[in-house]
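Have a look at this one.
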Amino acid sequence: MSRYNAKIIENYQLAEDFYKMTIDAKKIAQWAYPGQFIHIKIPGDNSLLLRRPISINGIDVKTGQLDIVYQVVGKGTKALSKLKKGIGLDILGPLGKGFHIPEGTKKLYILGGGCGVAPMRFVGQRWRHLDIYSFLGFRSQSTVFQLNDFECFSRKVFLSTDDGTMGYKGSIVSLLNERLSIEKTDLLLACGPIPMIKALQKVVSEHDIPCQISLEERMGCGVGGCVVCSCVIGNRKQWDYKKVCTDGPVFWSQEVILDGES
Amino acid sequence: MSRYNAKIIENYQLAEDFYKMTIDAKKIAQWAYPGQFIHIKIPGDNSLLLRRPISINGIDVKTGQLDIVYQVVGKGTKALSKLKKGIGLDILGPLGKGFHIPEGTKKLYILGGGCGVAPMRFVGQRWRHLDIYSFLGFRSQSTVFQLNDFECFSRKVFLSTDDGTMGYKGSIVSLLNERLSIEKTDLLLACGPIPMIKALQKVVSEHDIPCQISLEERMGCGVGGCVVCSCVIGNRKQWDYKKVCTDGPVFWSQEVILDGES
Amino acid sequence: MENLNLGVNMAGLSFKNPIIAASGTFGFGLGYEDYLDLNILGGISVKGLTLEARKGNPPPRIAETPSGILNSVGLENPGIEYFLDRTALPLRQFDTVIIANINGNTSDEYCHMAEKLQDAPIDMVELNLSCPNVKEGGIAFGTDPKTVYSITKAVKRHTSQPLIVKLTPNVTDISQIALAAQQGGADVISLVNTFLGMAIDARTRRPILNNITGGLSGPAIKPLALRMVWQVSQLVEIPIIGMGGIMTGEDVVEFLLAGATAVSVGTANLVSPTAMIDILDGLKNYMTANKITNVNELIGGLITEGGNKL
Amino acid sequence: MENLNLGVNMAGLSFKNPIIAASGTFGFGLGYEDYLDLNILGGISVKGLTLEARKGNPPPRIAETPSGILNSVGLENPGIEYFLDRTALPLRQFDTVIIANINGNTSDEYCHMAEKLQDAPIDMVELNLSCPNVKEGGIAFGTDPKTVYSITKAVKRHTSQPLIVKLTPNVTDISQIALAAQQGGADVISLVNTFLGMAIDARTRRPILNNITGGLSGPAIKPLALRMVWQVSQLVEIPIIGMGGIMTGEDVVEFLLAGATAVSVGTANLVSPTAMIDILDGLKNYMTANKITNVNELIGGLITEGGNKL
């Protein structure tokens, strides 16, 4: 983990609201593992102080290139989407504790919702030797991205959209639930919006599936110094604030308390 | 005077620290006269709130294009120097009261120092039918710009540099002083840094030459609403704050009180 | 967008929309017609008036700071008589609420000015108890609840015009000051004036403002202003005009949610003479996108239970 | 650049340079070794300590504002015992001034903590009288000169370590508070902590911080902080540690010119863990470019006569 000036190799629109950027970041590409993120300084606009955390979407160890996929939701991601290739991006990374695969894992389910699909591609690429089943949830057909990549490394891809314009209509967690009733898995790795994670926690606990989830929280430093990025980890009787940036972003599902969140 | 989105036609380095930008601004090019300025919003960096006032360096009524020449001295001008052609610039203009030539004027001396040379080019281009003698002062040869243009419309160009690397070594006002001892003029129009203007005031009053000078002051609105851009106009007994943006930037030399300024 | 209701009411006056030009940043309005139609504004608070004409402070009077500006105009103005003789009537032609912003050195001066305005063609009087540039008193008045109470009360006796009291944010507890203004009889509270600040040029080793210190305004202060509006709205009953760094329609919404009934736009006018058109359009767009037909629904509409999750 | 003298002295301690990591923005320093060598720093003020461990406020705890950030950490920390047992010694290996930042709910708590630190391997104690997030007292302490005086005096009796008193800027008259700290026996004054602010998400109509309000820091507050440092330096004799929005070497120079003897860097550490390296380099570059060989020449060196002309 360190600070780099990473040149933008390409930056283009993938789907409605979603962009993919490839940057030249050898050192990060060498060390990064799935679930980790980079912390990006938005160039140009000095009124935006904070870096933006974005998960690693994939790496190419040979070329030293790193992909991210980001959704344009505010000023920072909007500014990112305007950047042309050749520009140097000030980034920190790889940051955080990513997913890890316990020894003996054979069958792996991976689940992503919306921009939470992005880090799961890196998971699939890294652990393609496992029996991977992918569960991908999108808002609508127009926001679907990287489906081909998931098809490459997955035995099967389950896809849902909220509006039914592609795949199953409804929540991807329902699809997972159905599937789990037919076939269990050794491990589930997931990333997505809070309501999805909440539904997921219920489903995996009912089916008693080991599950790791990647959390989001507003961040400052990204390196453990400012303790602003808290999440609640533990059980109802005894819990602690943990730092999403350095203790996470990946935690075991049963440890994550999302109460009070909507 | 109005607000426009003006496309950048070109933007390149003219000399050390100096850049020239041409923008597409038909309405302004139509109405502008020498000594007026445009007020430029620096794009991209939202931490820089205020517009930057820059004099009009020249216009092409046919194409509707407008030139400015600016010196990179701080964040705003630095950012301007990085802009590529095609970008739209948010500008107000033409603003202020420029130079005016009283009827019957035949011989015109124009004097500019440093970035104060920029507005004088527009003066020369507009009033090329007069007998123009140009007095241009620069820091060093490396910062000389648009000399050719001045040679085109001037009977003679007098040039000085502080370090003597080109032309006369020393202050352009001394050169003017020498010249005035030989040959008077109907009118002198000038723009430059405060110390130069002070020396100039002395020289023109000694030679009793009608002289208009263009002043600079830190600005807010540029349109007369905020009264931050004050200069002292009058005489020692009775003076008033006037607004550089709308009462000026051009004033009669003998009315401008620069006391206390260094 | 046709069916949006943008009107708000304060002190028995109706404003066609909640957007008011902030005092000192829009001159007397006149002269802006090239850039915007004054009739579209909810109101105009004119440049701060004093009993006698004032030259103000020596330049430089403005400095740029990160996302903010400092000014040290020092209340340059032609005096209240000039305003009454020359400016008030021309301004009256426009269909917008006209607010006279007054500044005194003593309680009597405030009263005297209020009296002069009693029959003037204006709609409201704004007591500026907060200008940080006038050493003779401005800042002291607004920092002490007792003084705020007594001046407000005194001025109320000299005018039947609706009275706005504008407060300085340079205080430990803004709510107590606002409460004092309410108790003194203020009809509306205006929050906030500028924060006392300073800018230094490292190269010349001098302050940038000739006056050394000046008042900070613009987006930099928005979080502080929002907090003050919110705090005051929890305590006082009278309406609040909120301001501080409003640059967009969403900024207006934030102030309304925090408890303001209307807002003033200051620094944005220095950035662009057309700023208030864009801000008004932004407000309309927000309302349309969020299916809000009446702007009054937003006032004090901040949801504070349950936090704000990603 | 070889011959630059960057050392400053405060309270009998020498700092190798005037740059100190601001409390709460740099953890306990440990863990930053991947990004910067702690030995290059003038000092480190560790994250705010309390008598007992504190969980702090629920997230979100941070919001971005124009050129600023709001935080509502609420003094999450492992408690002073943990610090003494686990952190103080490892930190001591580094050749930099170590400052323990303490926060109490009562005067006695401050004294109790100061006592515990009496023989700890630290160099200075910093009394934080200003954290705006702890409803139980923090903010009240720092806003009343009498309380500042009496707590400072009480704590002084319980420690022989040099004492820094850190003040809140959320007050009407910072000079009076600073004077009270000096009279109470403070060796150094630290200015400023964060300004109470608030951010609202217009879309969700909720505050962004779970705690509703938080402390504003970063470049947005620099003009306010500079003004306070300057005002205080006109009145008090003891050295000042200045802070608020320092992002560059020139910012450091501005604070020194305004009267600070040293500075703290806070928000910049949240932007980049390597920020203090760049700031120190920037300071050296400034000194070289301006032919200043001793950084002490800059302290209080603001030129105020004659204004600052273009």
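Letters A, B, C and D mark the chains as written, and numbering starts fresh at 1 in each.
Convention: contacts are C-beta pairs under 8 Å (C-beta built on N, C-alpha and C of every residue); 3 or more make two chains touch, one makes a residue touch a chain.
What you see is a predicted model; the values in this text were computed from it and never measured.
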By Cα centroid distance, the chain farthest from chain C is A
In whole angstrom, the CA-centroid distance of chain A from chain D equals 36
Taking each chain's mean CA coordinate, chain A and chain B are separated, in whole Å, by 55
When centres are defined as mean Cα positions, the distance from chain B to chain D in whole Å is 46
Residues of chain D that touch two or more other chains sit at 58, 60, 63, 66-68, 208, 218-219, 306-307, 309-310
Multi-chain touching residues of chain B, meaning two or more other chains, are 46-48, 217-218, 260
Contact graph of the chains (line, ring, star, complete, other): complete
Listed in rising order, the residues of chain D that touch chain B in the complex are 66-67, 219, 306-307, 309-310
Per the touch rule above, chain D residues touching chain C in the complex are 58, 60, 63, 65-68, 70, 143, 170-173, 195-210, 212-213, 216, 218-224, 226-227, 230, 245, 250, 253-254, 257-258, 286, 290, 301-304, 306-310
In their shared complex, chain C is touched by residues of chain B numbered 1-3, 41, 46-51, 90, 92, 217-221, 223-231, 240-241, 260
Listed in rising order, the residues of chain D that touch chain A in the complex are 24-27, 31-32, 34-35, 47, 55-56, 58-64, 66-69, 71, 73, 76, 208, 218-219, 267, 269-274
Counting only contacts in the complex, chain B reaches chain D at residues 46-47, 193-194, 216-218, 260-262
